[in-house]
């Protein structure tokens, strides 16, 4: 059987489909960045530096999965930065009391789950605007952490080896465990989004929620699940951050949501839902991380780092828009 | 034929319709808050405290007035906080260099409206989602202000007229409050009674319909961004005057306060609806909560928790109300 | 003329003294500060860079910009690069414990600046409590003399950091040595920045009109409080404002122009940077160093700031001789460990 | 091979009792704010039969289907499926009951591949719950091959022409084990060959005992495929009869309730000779070298199948969309392309086909919607004279008999016909020379329809040039002075009212190229 596909108007060739993807553009950007910094900054291309950056990127990569999933479902979640600080509190407090990493992580996950369910309930079932709900949640969580801790960090007194390994340990002495976790989670969720019916339902709901409803999907439950996933993944980031800083930090994750949102959009995940991939998101995160690492290597002060990051975000999103307009022809 | 006109007009002004609106809920909330705090701490309604609250409100209200226009046109500007700090530094630097209040004020307004213009270009020309685009300009401005000055720009000349902008009084009324009321009034009249105001609602409600009607929607958005910028310029001047210096670190989180007030006031982020009266109430509620927590001697960390809860609740009540009306 | 000569002599003396001590110099020092855009740290860095240049050391500075995660990343970068000594100003003292562990594993000595950290080798810091205390004593004397012996204090504080909590505590303890009846009327969280300080102070001043002393844990906080006072339309007669830090130009400006701004608890950031480099060199050479190297502070009363700084209208220059002559205490009266009790 | 698809199974998908009706709806009622959409409607579908549901736009067909699909819930009435009482509260319930609805508005996810859309209701998975993409592709390819479809299963759905999307939508119904298939105007954008293919598919469905509800207002189709016909009018059940008992006239009589001439009252005189709009060699992404003229007082009707470029042409000539080549002259003056401000200034405006997306400001009151284009008229020094404005709107509300409780009513609460009148008054208040109307009666009930026709006639009578884009043959023939036919972005025919026949128009609309690119192997 032969399909007359190439004769049909509007069916692009594999090659054209490939270069039209945002991921490819982002990948090219990342490679260009890597080449530039390898030439201009000493030590940039060392294994140690690259694996360090992967470890540093793990926070945004893991939370970014959740952010991307929520975006793909057509909603937003900007409470993740505050959640990072929030979940560290039960983690460290329980760990200090019980000397058990398992119980600590469980406590953190319970709190993360609760937050995700509240966000999900208010946005998916009550039908409130997710930007507003998660903005409110951002304030509530941050304020709650300040109230509970009296604005003091809570130190990890237990000093469990397993917890320290989350920060210092490296697989085969090369790749930080946090990066390993990020890669595993990325692979798992990439699988879910591509190969599980739930993943496809998330895309369908974000692409056209009315069509999804007609196809018999429980749109509200799917959106609810996305918020829960986002909170649970931000919880994972919170746990790793707590290990990296050996404590529960009330100021952890300030502006983290901006970084993650920017990286996710940079990676081609559309704010309007239904479009984007975890691969793109990961590339977006890596670009911003390598950029910040490279700029540090070049000894550029903070102000320049801010200016350059801002410019790159605007440029990337504009290019995306130009491309989309060309694709849709308006 | 006038029957339709009459029922419509009276329907709008009746008390019933006001309490049925989000503003009614907010107004009641405000009254309850004021009564409650006053009962617990009589200092709340002292003249000094009321003036303190109003002055705080002034700063937010000025920027929120512009932001309301922007949000009604279905856009948003997250760079106002960073711009606020930059404006203060620039105006102070120009004031120091020239010794002229006029030039300082002009520089502040020119810079701030320039920022608005850039935002407008990013959003209308590059068609970037304004939420993301203005995060970008926010970062640019945060970095830029430190490139401009790493330390607070001190007030060298101590011009009395400049100090009066933030700390002065006209009779018993603080000057920032007068400025805020003036800007609020101009924006409110513009939104309510002029063609531009009507077009802003229209753009937010349906931009394509507006374009098809031969109205240049991009220009309208540009106007809204620049007006917001100008408001930031005025607020930045007041803040610099109050601080007696241009502070590059000022304005952190200011954008969230402003947007929270606008949303609380019932202006929808999806555009096309909302009012400045609502924004005024939103600003008052947030600032009364802020002030009340200190007056009551409560833990100041509640200053973050309470507004968060209030925003979610207010949105929820608004949703209930609109569902009720739809039935 | 004389001040320039003094300055020259002082730096020459320092140069001779330090180079005589150290046979080996580290090639490269990495410094991760918590907040480089703050004036205090700009002057710490200024002091470090000046001293490192004299010693022929390459110093690289990274800024965590108040983000603890970024601080860990920046320090990781330095460790990967292989700096000889690492200097850290923790964004939060609990948060850098893992960093010390990692630096130790990489055999890189670490000098802490500002705040002590569990497991550290050495800390270069002022005594926050003592700084507040000494300013409190001076404020008490001033109140006895000019304010009729009444002291009702509004503390524009920052509960976020133990250092700033210590300053406020020291200030109140110091003032009590002079006026037993002194009261802390309002204990505020001014966020350490001027606009927030202004906002919370305005509410507090409205509630308690009898406040007559404003204490700020840094200059921005004190000025925020003072600006709130002025904005309320009050006269500065009968008011005392006490700032802390002497971070930049703001306090000089304030002393010159605000009648109530009479006391500054100066902490000489340049000196702190200078001392940190010395400590780094010693650690590099394996010399024994005390756990806490105290950098001096002093209450400055009114015009006496001119003894320590030259100011030409745009920049200030530290007078090394005068600052080096200050004798720091061997041990702090109270530290953050006392807060936890 | 690949016989797991319901369509090709030897046996029906489930044991169907031929004696029991597949679906019985009794006394179904539905009310919307201000509109009674359905009142006590009965409908019974027999297994293995095609039941046509007919009626003009606004008769209540779509509402009934949406109730069946679980999109709306009825306010009154009962439903039985294969003899069991059921309550359908969501699309999910509907699918579970074995109902599959093919909507007229294409319900596909643009970003998904064609194959994935075919299996949207349930992705086939292996025993670990992992989606079997190979199976999706091969099953889809297989299905397409068997029914003679030339569409690449891997193509992005949004990139396909509308007619192919509609075929995908139809094919979707076959991939699922449904016992009741509902098709809502499935042929609105199909070529005759595609329609034939569709009928083959429907016959195979009924052979398996599946009940088909076929919704249409096209007589010839219904006579060809249906066993029974139910007619709705104004939300009420009018008649249910075997198709053999109907003639063209009896069906029309049932549907419209009056004779067709009443629908198109023509009162205007002959057109003037002055050319109000002249388009020369217009090309855009979708259009190729389109030229035509419209004279003052003339209605020029454009016909074309879906995707022929009608809407694109409408948007290009009013300056909304950019053009590649060509000139547009309005009343003798050159119009800057891609600039609606200039267009409106010269006096050309568009009544869009998509009221919600491109016309209405739903949250804003009626009077603001009406005065949008002419607001400047009521303003002095930038301030709006609200009294004058409302007075002006009021005259239009009365003249057009717009039914609204007040001028301050949110326009989204009005019925479709009244909304359309509000949008028409938006342009008339401004005063145009040329008005482009794109599908002016879409989603409007019959009564309002003839009013809109009357208004269009009145506009032309008042000296406006009217350019009408339509896919409704009666509308085209009833209103136009001249008919222009588009096919794939080109003008394929242009004829006077007198020359025009349904057959000529359709032939031109299908076009020779159309046939080539929609090659089917049936």
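As written, the chains take the letters A, B, C and D, and residue 1 is the first residue of each chain.
Just so it is clear, a residue touches a chain if its C-beta (ideal position, glycine included) is under 8 Å from a C-beta of that chain, and two chains touch if they have at least 3 such contacts.
As the structure is a prediction and not an experimental result, all values here were calculated from the model.
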{"item": "Top chain pair, ranked by how many C-beta pairs fall in contact", "value": "A-B"}
{"item": "Distance between the centres, which are taken as Cα means, of chain C and chain A, whole angstrom", "value": "37"}
{"item": "Chain A and chain D, separation of their C-alpha mean positions in angstrom", "value": "42"}
{"item": "Rounded Å distance between chain B and chain D, as computed from the means of their C-alpha atoms", "value": "45"}
{"item": "Centroid spacing, where centroids are CA-atom means, of chain C and chain D in whole angstrom", "value": "74"}
{"item": "Multi-partner residues of chain D (each touching 2 or more other chains)", "value": "none"}
{"item": "Residue list for chain C, restricted to those that touch at least two other chains", "value": "37, 189"}
{"item": "Numbers and ranges of chain A residues touching at least 2 other chains", "value": "151, 301-303"}
{"item": "Chain contact topology (line, ring, star, complete or other)", "value": "other"}
{"item": "Interchain contacts, given as pairs of chains that touch", "value": "A-B, A-C, A-D, B-C, B-D"}
{"item": "Residues of chain A defined as touching chain C within the complex", "value": "42-43, 46, 48-49, 52, 55-56, 59, 150-156, 164, 167-168, 241, 243-247, 249-256, 292-293, 296-297, 299, 301-303"}
{"item": "Contact set on chain D toward chain A in their complex", "value": "69, 71, 90-92, 94-96, 101, 103, 107-112, 116, 120-123, 125, 129-131, 133, 141, 144-145, 150-156, 159-161, 164, 285-286, 321, 517, 519"}
{"item": "Chain A-facing residues of chain C, complex", "value": "36-37, 60-63, 65-70, 72-74, 76-77, 80-82, 91-98, 101-102, 105, 118, 159-160, 162, 189"}
{"item": "Chain A-facing residues of chain B, complex", "value": "122, 126-129, 131-133, 135-140, 142-147, 256, 259-260, 263, 269-270, 299, 301-309, 311-312, 315-316, 319"}
{"item": "Contacting residues of chain A [partner chain D, same complex]", "value": "1, 3-5, 7-12, 17, 194-197, 200, 203-204, 207-208, 210-218, 274-275, 329-330"}
